[in-house]
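Have a look at these structures, which come just after this line.
There are two complexes below, and they share subunit A, which is joined by subunit B in the first and by subunit C in the second.
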Partner chain A sequence: MQTFNRSIHPGWLIIAPLLVLVVTLYLGPIMNILWLSFTDPEPGLGNYAKLGESDALLRIVWTTVRICIVTTLFSVGLGYSIAYAMVHCDQRQKNYMLTLLLVSFWISILVRTFSWLMLLGRKGLVNGTLENIGLIAEPIAFMRNELGVLIGMIHYMIPYAVLPLLVSMQSIDTRIMDASRNLGASGSQSFLRIYLPLTLPGLVASTLLVFILSLGFYVTPAVLGGGKVLMVAEYISVQLLVTLKWGTAAMLAALMLFGVLAMLWLMSKFMKLSTVFGGTTR
Partner chain B sequence: MAEPLEIGSLQIRNVSKIFGTFKAVSDVSLNVQKGEFLTLLGPSGSGKTTLLMMLAGFLDVSEGDIALDGASIAGVPAEKRNFGMVFQGYALFPHMNVRDNIGYALSVRNRAVAEIEACVDEMLDLVQLQQFADRKPGQLSGGQQQRVALARALCFAPPVLLLDEPLGALDKKLRVEVQEQLKVIHRRIGTTFIYVTHDQEEALSMSDRIVIMRDGAIEQVGTPKELYERPKNKFTASFLGKSNFIHHNDKVYALRPEKIDLIVGVDHQDARMNGTVSSITYFGSMQRVIVDTKEGQKIEIDIDVWRNANEVKLGDAVDLLWADEAAVELQMG
Partner chain C sequence: MHDKQFMKETLQDSAKAYQEGRLDRRTFLALCGASGIALTAVMAGDAEAAADHVVMWNWGGQSEECHSSAIGDAFTANTGKGLKFDTSGPLEGKIKEMVDSGNVTADVADGDLFNAVSLGPTGHLEPIDYSVVSRDKTLPGYALEFGVSIILYGYAFVYDTKAYGDNPPQNWADFFDTAKFPGMRSLYKWANGSLEAALMADGVAGDALYPLDMDRALTKIQSIKEDSLYWGSGSEAHSMVVNGEVSMGMIWQNRGRNIENDTDGRYKLVNNQAMAMPGAYIVPKGNPAGSSVMQFIATAQEVPAQLALLDCLGMTPSNPEAFGQIPEDQQDYAITSAKNIDKIVYNDPEWWGKNGGDAVNAFLDAIS
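On to the complex of A and B.
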């Protein structure tokens, strides 16, 4: 058993070529960015020191984190109820829901973002209607602010939140919930003591996925925030393309990378990551 | 837990379950005595699980009524029925250890921690799993999981325990062992057991009474001995044990293989049939001989090897004898 465990699993041979490719094409540039963050414009920790010096920079990071947290909370919360509904309705309705979910996956983020602008802008459908029927005198400011960014991002993220939850809910034996009822547990007791713990890995996976993807959002804040809500990704692009401060851009990118890695590390303290990503516990 | 239960008799009155246009259970009526070990026996798809699910309250009855000690429970939801249940596949809570699994029923009833602990310890004792109390279900063998499921279902002292093929996942040797344990436990606690199985040996060896089900309806009810000795029709006779069917004067009789005597050589004066031996299979405790009769029928005969020294050989011409009361007249159909 020991020797078998130590020898290389044949699976590695199959993915070896791909692995080499990914490592060189992926890790290479990342290393380059890390390198830049310490060397451009001059060697040292100057770029990172800016975080302490510049209020603006710190505010951007804070805005990003705040928006990502709110987005994650809402997406995962809504995603949980959608996934629950999908698992517990009959097969035909479930197929409809899955199709709708996938359709929203396939529509480009640009199209979806601009649709929100049409719908919720100052002269959009919602404001127009409300004004026409006399409910409001002034258009409600849905767009060009943080609210707009949140609406767009949550809408975009919900399918990502649903899928890991769906997988984890589907894997629960329905008899387990029956057993809980049979033993006298009320609905909320069954949920809190059985269902929630059993879907926790899915919940964590979904939270991580949504939060990490949200960190890199670019189009949605740019369009729906109307320049008023500056998030890290947009700021990085400005540094790269406009002000040409590659060092600052690299520093921010490295910061996000470390942030994500730190989150994964923290997570791994509480549960085996392999269970979160669908592996087995043993 | 230890004192005998006051309640636990069940009255099932003309119960049916209809899924769409399909009648999974049709017009079942049955009185279950308090403390009885009653087995629902039938082939797969005969409606055993469906009937049990209606008793547990997971399915509504389409027609009829179910009563506990005379009071209807048809409208009582599953979580209020207080029936213990051992599920097919056990349905243990995978994230809880054995102790928490067993204590769950009391814990959701907000009982004091000390009371729960005491009950769990008593249950662990009953199913002999003390040393596994802190393991998760995934770290237990099938037989141990089965015992956890049993302990969990008994911890709140239910008046009725429903068991759906609880030994289905175990290998044969273990099954026999657990059957014994189940019987001992049943005798000790005096709870009414309603036990579902498709295994006739299990039904025969464990039950006070057996209900034979076929296509959602009750075929015959009786003690194991009654059913084995007096099967009503071909279905019961062949489902519970093996049987030969003898046609005589437009009537059909069931004849158990072990109730036939076989004598080598023809023209015995009391012979009821004769023929030639076409197959002999050795099972250790007995030998199964198949005789092709002159009438073109195959008759199976079980011979006690130890007490029948004269060897039967393939191709032997033999006489078959049996007592009048060995052949049981059957209803047609």
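On to the complex of A and C.
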């Protein structure tokens, strides 16, 4: 009994039923998709070979990755300043800011997407005002292009970037910064050499969260891109529902899944991922 | 929502099982109790009656109400059977998935005739029973083994009278001519109709479109790419026009009237060279109501149903008998009216059923 306890923590027994359920209900379908990517329409690596043969597929993957990288950079950058402001202002203001952040977090993605059209569309509020006061002659193309997709996605992703950063910044002992200033470091030196490294786990967590969520974006690119910004999620849906090329869809889904896993594995080579998800560094 | 559906199906199945003696009374009542239904409300007979209807799989919105009044009421009067709806939209992939999974819950899908060509031979559809359904109550060539065209919808376009009022665009060649008619355009994102319009603009005759010359069509599409937006749904096409995002927009012709009304006549519909698309009723393999769905399809072919669908949804009749009875105020909008029928071109479901998937992907590649 003693040895049994040492090798398997009894806690596992409590979660075992749940674990079995998750494995069968979650891994099962994923395996099914993997299987489909090798067998439909005919057995073999044909679907994966298409990646090499078809510029179209590579271009869609590249568009997706490019948009996700830009979205991540801006959301995390803006999110960092928002979280920094929230930690350093008084409690009352902080509550206001948190409320605003959570309200935008809770509004449905469709509502937010269409609001952008009303605001920045060709006949939207901004273009209308600028035209009326004579600043521009032709409406500025904010929407229905890649810029529109980026605006919509960054706006949607900012709360996801802020929340992990906020947690990480709140746990920092601010007296460390005072000590650094006391020892003669300038403001920017204290920030770059003390504060930034201390918030790094939060930064990595929010980067990962935003990037991975961005990869699956469907509604925003479809609506704000005006049909010209084709990302993987929409392409997969078309292959499933319209063109019936399920093998291609499954291959792209598998590619996304393993892309994300490979990214996590690479990150784990450089840092201990458990710190990102709230574990200790030891 | 899914739970409710699941419970309903469980009860119907168990009611059948109880009647056939595969399930004992106690277990059946326990199931009723478990699903929160009063025991008196679901006696076996009732549950059996509940299955005595046809489920139509359509696109929701207005169509639920319109299909009900235009076809459902007459069908119930003729057969005593009810009409229910699944409004999740019968895209080809969803039909395939439903049939492959073995849990077929819809009897008739409001799809396209090219679905009948692509899904029929793969065993996903029931053949149409032409002893009940009439081959003559649709256009020639639109009564196929696995589907029959009930209505037509068209790819037409609207233009901004304020921009081009003095010299309005007449045809697809004008639509693609952004030098003569400067301004934004909108086209259908999933290739259908857009490819044919591009070819007609490039000088191909309307009756010589098929097989589509893909390279030629895509070159034409790309020539106005900088000035084009692409829509994926009827409501998106509608809002692109009504919000003034485009000066000329390809639309589904049945929306033309609403667009003219919503813009107080600023945008006007052009039905010249409109591309008639056969909207078809197709039956998923192993549909629950069995052959009685054929009577439903036959009801939809009758002239009163055809005219009611036009009135309610703007969908044009496909039964030639109804063409002559299209009312005066619909003459401009219905593509098979006396006013329009000589100007339109016809989609070839055979070509789309066989080449549609590759065409859509090539089109997406060209516009993205």
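Please note the rule applied: the second predicted complex is superposed on the first by the 276 of 282 C-alpha atoms of A that agree within 3 Å, B and C clash if a C-alpha of one lies under 4 Å from a C-alpha of the other, contacts with A are read in each partner's own complex, and residues count from 1 in each chain.
One rule holds in what follows: a contact is a pair of C-beta atoms (placed from the backbone, for glycine too) under 8 Å apart; a residue touches a chain by one contact, two chains touch by 3 or more.
None of the values given here were measured: they were computed from a predicted structure.
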For the combined arrangement obtained by superposing on subunit A, do subunit B and subunit C clash, or do they fit?
fit
Contact breadth on subunit A, by residue count: subunit C or subunit B
C
So in the superposed three-chain picture, is A:222 touching just subunit B, just subunit C, both, or none of them (first/second/both/neither)?
second
Report for A:28: first if it touches subunit B alone, second if subunit C alone, otherwise both or neither.
neither
Once the structures are superposed on A, label A:44 by its partner contacts, choosing first (subunit B), second (subunit C), both or neither.
neither
Give the angle at the C-alpha centre of subunit A formed by the C-alpha centres of subunit B and subunit C in the superposed arrangement, rounded to the nearest 10 degrees.
150
After lining up the shared chain so the two structures overlap, which partner does A:183 touch, if you call subunit B first and subunit C second: first, second, both or neither?
first
Based on the superposed arrangement, let me know which partner A:197 touches: subunit B (first), subunit C (second), both, or neither?
first
Can A:230 be said to touch subunit B (first), subunit C (second), both, or neither?
second
Quick check on the superposed pair: does A:175 touch subunit B, subunit C, both, or neither? Answer first, second, both or neither.
first
Contacts for A:77 in the overlay, against subunit B (first) and subunit C (second): which applies, first, second, both or neither?
neither
Once chain A of both complexes is superposed, is A:123 in touch with subunit B (first), subunit C (second), both, or neither?
second
Once the two structures sit on chain A together, report how near the CA atoms of subunit B get to those of subunit C, whole Å.
47
Which residues of subunit A touch subunit B in their complex?
173, 175-176, 178-186, 189, 193-194, 197-198, 281-282
Subunit B - residues contacting subunit A, complex
56, 58, 77-85, 87-89, 91-95, 104-105, 108-109, 138, 152-153, 156
Residues of subunit A touching subunit C in the complex
55-56, 59-60, 63, 117, 121-123, 144, 222-223, 226-230, 235, 238-246
Sort out for me which residues of subunit C touch subunit A in the complex.
91-94, 96, 118, 184, 187, 189-190, 225, 228-232, 236, 243-245, 356-358, 360-361, 364-365, 367-368
